[in-house]
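Got a structure for you, written out below as structure tokens; questions coming shortly.
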Amino acid sequence: MNSFAAVLRKDLLLEVRGGQSTVALGALSLLVLVVLVFAFDPGGGEQGAAAAAGALWVALVFSGMLGATRAVSAENENGCLRALLMSPLDRAVLYAAKLAAAFVFMAVAEAASIVLMVLFFNLDFDARVMRMAPVVLLGALGFAALATLLAAISSRLRGGELILPLLAVPMFVPALIAGVKASALALGGSPLDELAVWIKVLAAFDAIFVAAGYLLFEYVAGEE
Amino acid sequence: MTAPLIEARALGKSFGPAPVLREVNLSVAAGGGLAVVGANGAGKSTLIRLLAGLSAPSFGDAMLFGEAARTLAPALRRRVGLLSHQSFLYPNLSAQENLEFYATLYGVEDARKTAALWLERVALGAAADARVRGFSRGMEQRLALARAMLARPDVLMLDEPFAALDGDGAALAAALVREAMSRGCAVLASAHSAEPLAALGFAVLALARGKLVRAEPDAARQSAARAPLARQVS
Amino acid sequence: MNGRPVRLGLGFVTLALVLAALYMVFVYVPTEADQGIVQRIFYFHVPCAWDAFASFALVAIAGIFYLWLGQQVWDDLGYAAAEVGMVFCTLVLATGSIWAKPIWGAWWTWDSRLTTTLILWLLYGGYLMLRAMAGDSAQGARFGAVVGIVAAVDVPIVIVSVRLWRTIHPAVLVTRQGGHGLEDPRMVATLLVSLAAFTALFIWILCLRFVTLRMRTRLGALARSLAMAEAAAQD
């Protein structure tokens, strides 16, 4: 088993054994969606679809911040991060494994969010929701890439919990714009080629941030 | 004396203006053992962190295998083992799973078998599948020692290796350290008192006010046999 | 090596350019037909935006050099650029807002350029908060460099996505270099002089701030050496 698989497997194993991250993320998404239903009181039809798409992405952003923080902080108990840094493990591979773990947590939470969204916003479980799924996954990947890198920074600063949302939200704006637009279009029944430009933006965003994280993680992972 | 595996040259560290360590010079060659004793807060853990490459020096050099410890290549990091006062163990994994994980990271052939073997060597075979969360402090320390040594490192750094170990545990640890040194491993250890380490033939130095000074006379006498392999470089 | 003569000279050049720009903006250039006197803000708004974005790139470049070479001088430059850039970015938003109210009737519009500048402002703010939180340390400098680089890499895709999202900015600002809707050559000249003035102003303030940070770095190093010597004297 290579190192990447070993670290990812360990994180997923720890999660299954009572990490409670996916539960926490799912719960947070649920709460966010409930708040937004009261905030916007959406009707059905196209207005409902647009509101639903927006709500889903708000839930994605909030649960994503929690997910990335947990994936990174999992190494804080007993100083395991130091052990990983001392091992032959490549820092970039460590980033990739943490990113993958955060992505898995987010994907599970997003699946739950989509179900809740359909229920709360009076939509139907049909092909339109299916067409939205890859958009959400791309968004989750981009946010996981961004947030894993930033969480490595915020987790090392006293009172740093503010830093993650402060930096992650403005940086995520391009993917947020593209993701909400594409999701709203998909839910409204638009064909795939209308979504194409937004999906390209999402894909470019993902590529840029995964690469940036991969190259820069080693500079934030070390100690003083 | 052959090229030292662990070396500090005019090493110093400051957090803020006041220095925690200053003008530290030491070297340990293959098969040698150096013990650094000092009170709490004297800087022993900081020294080990610097030499392990976890922290960057403010002055001077911390070197392993002749290379800067901070930027050690992965191939060389594979040959370094660290025992810290933090256990580096995942509480929700079993002892076997913890060792297997690290064995995989260190590229050990047949991680599963190696992990099982080392569990036996530290007398934790019976607790192989128990979660580390339920371990006593002594069991944790033994497992942490196994973790540090399972890749058969050429450099071993032990921060208070005998802490939390009872008589049997301490004897086990001593035997493992002796065996490592005899196969050419360079060992640097920190402790409150020189006793168990001097008995293993370690040279002993004391850390006081950030500087390394000669240890108490009787400890130095006991370490005379191993002294040529580990010394304070003046 | 004392840079004071250079800074002094730069200061005088800046003063001359700023005075020239002020004259041209308030006296020389004709009032624009559609928008009236308020349009003169444009000659401050655009150069400030140019300064804000250029400074952002500077933060990222300084960050790259810092991570690559490990020399504190690059971090001092990056931090100074972030602080000065933040000021100019705030001015862009403020002048944009002052301009928008009489023209479009609203203090804020979510058009593409203003939105992108707001994102930039938030990124600057995040960077400065991060540096304040991390304190005076090599770790803080490394974190800052990484954030500066990632943020700069993010900006192009922000620009693209926000532009796809919407735009109602006046056609007079199609690009920052040329291709503008300014008919009168006097307006072009005024804009260019103002651009030069603000660039000089930016460089001059950056130099002052940079020198201050360099002194702080040197002071820190001296304090450490002094503490070492004191400890050695007590041996």
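Residue numbering begins at 1 within each chain, and the chains themselves are lettered A, B and C in the order written.
As a working rule, contacts are C-beta pairs under 8 Å (C-beta built on N, C-alpha and C of every residue); 3 or more make two chains touch, one makes a residue touch a chain.
Note that this is a predicted model, so its numbers are computed, not measured.
**Student:** Name, by label, each chain that touches both members of the pair chain A and chain B.
**Tutor:** Correct list: C.
**Student:** Report which of A-C and B-C is connected by more C-beta pairs in contact.
**Tutor:** A-C
**Student:** Specify the chain with the shortest distance from its C-alpha centroid to the centroid of every protein C-alpha atom present.
**Tutor:** The most central chain, going by mean C-alpha position, is A.
**Student:** Select the chain at the greatest separation from chain B, using centres from the mean of Cα atoms.
**Tutor:** With centres defined by C-alpha atoms, farthest from chain B sits C.
**Student:** Taking each chain's centre as its mean C-alpha position, how far apart are chain A and chain B in Å?
**Tutor:** That pair's centroid distance is 40 Å.
**Student:** Suppose each chain is reduced to the average of its Cα coordinates; what separation in Å results between chain A and chain C?
**Tutor:** Comparing mean C-alpha positions, chain C is 32 Å from chain A.
**Student:** How big is the gap, in whole Å, between where the Cα atoms of chain B centre and where those of chain C centre?
**Tutor:** Their C-alpha centroids are separated by 50 Å.
**Student:** Going by the touch rule set out above, which residues of chain B reach two or more other chains?
**Tutor:** 56
**Student:** Where in chain A do residues touch two or more other chains at once?
**Tutor:** In chain A, 222-224 touch at least two other chains.
**Student:** Could you list the positions in chain C whose residues touch two or more of the other chains?
**Tutor:** Within chain C, residues 138 contact more than one other chain.
**Student:** Within the complex, which stretch of chain C touches chain A?
**Tutor:** Going through chain C, the ones touching chain A are 67, 119, 122-123, 125-127, 129-130, 133-134, 137-139, 142-143, 145-147, 149-151, 153-154, 157-158, 160-162, 164-165.
**Student:** Residues of chain B touching chain A in their complex?
**Tutor:** The touching residues are 15, 49, 52-56, 74-75, 77-78, 80, 82, 84, 86-93, 97, 101-102, 104-107, 111, 147.
**Student:** In their shared complex, at which residues does chain A touch chain C?
**Tutor:** Residues in contact with chain C: 146, 149-150, 153, 156-160, 162-163, 166-167, 169-171, 173-175, 177-178, 181, 197-198, 201, 204-205, 208-209, 212, 216, 219-220, 222-224.
**Student:** Please give the residue numbers of chain A that touch chain B in the complex, ascending.
**Tutor:** Listed in rising order, the residues of chain A that touch chain B are 1, 3, 6-7, 10, 13-14, 17-19, 77-80, 82-90, 222-224.
**Student:** Enumerate the contact residues on chain B facing chain C in the complex.
**Tutor:** Touch residues, chain B against chain C: 12, 14, 17-19, 22-23, 56, 58-59, 209-211.
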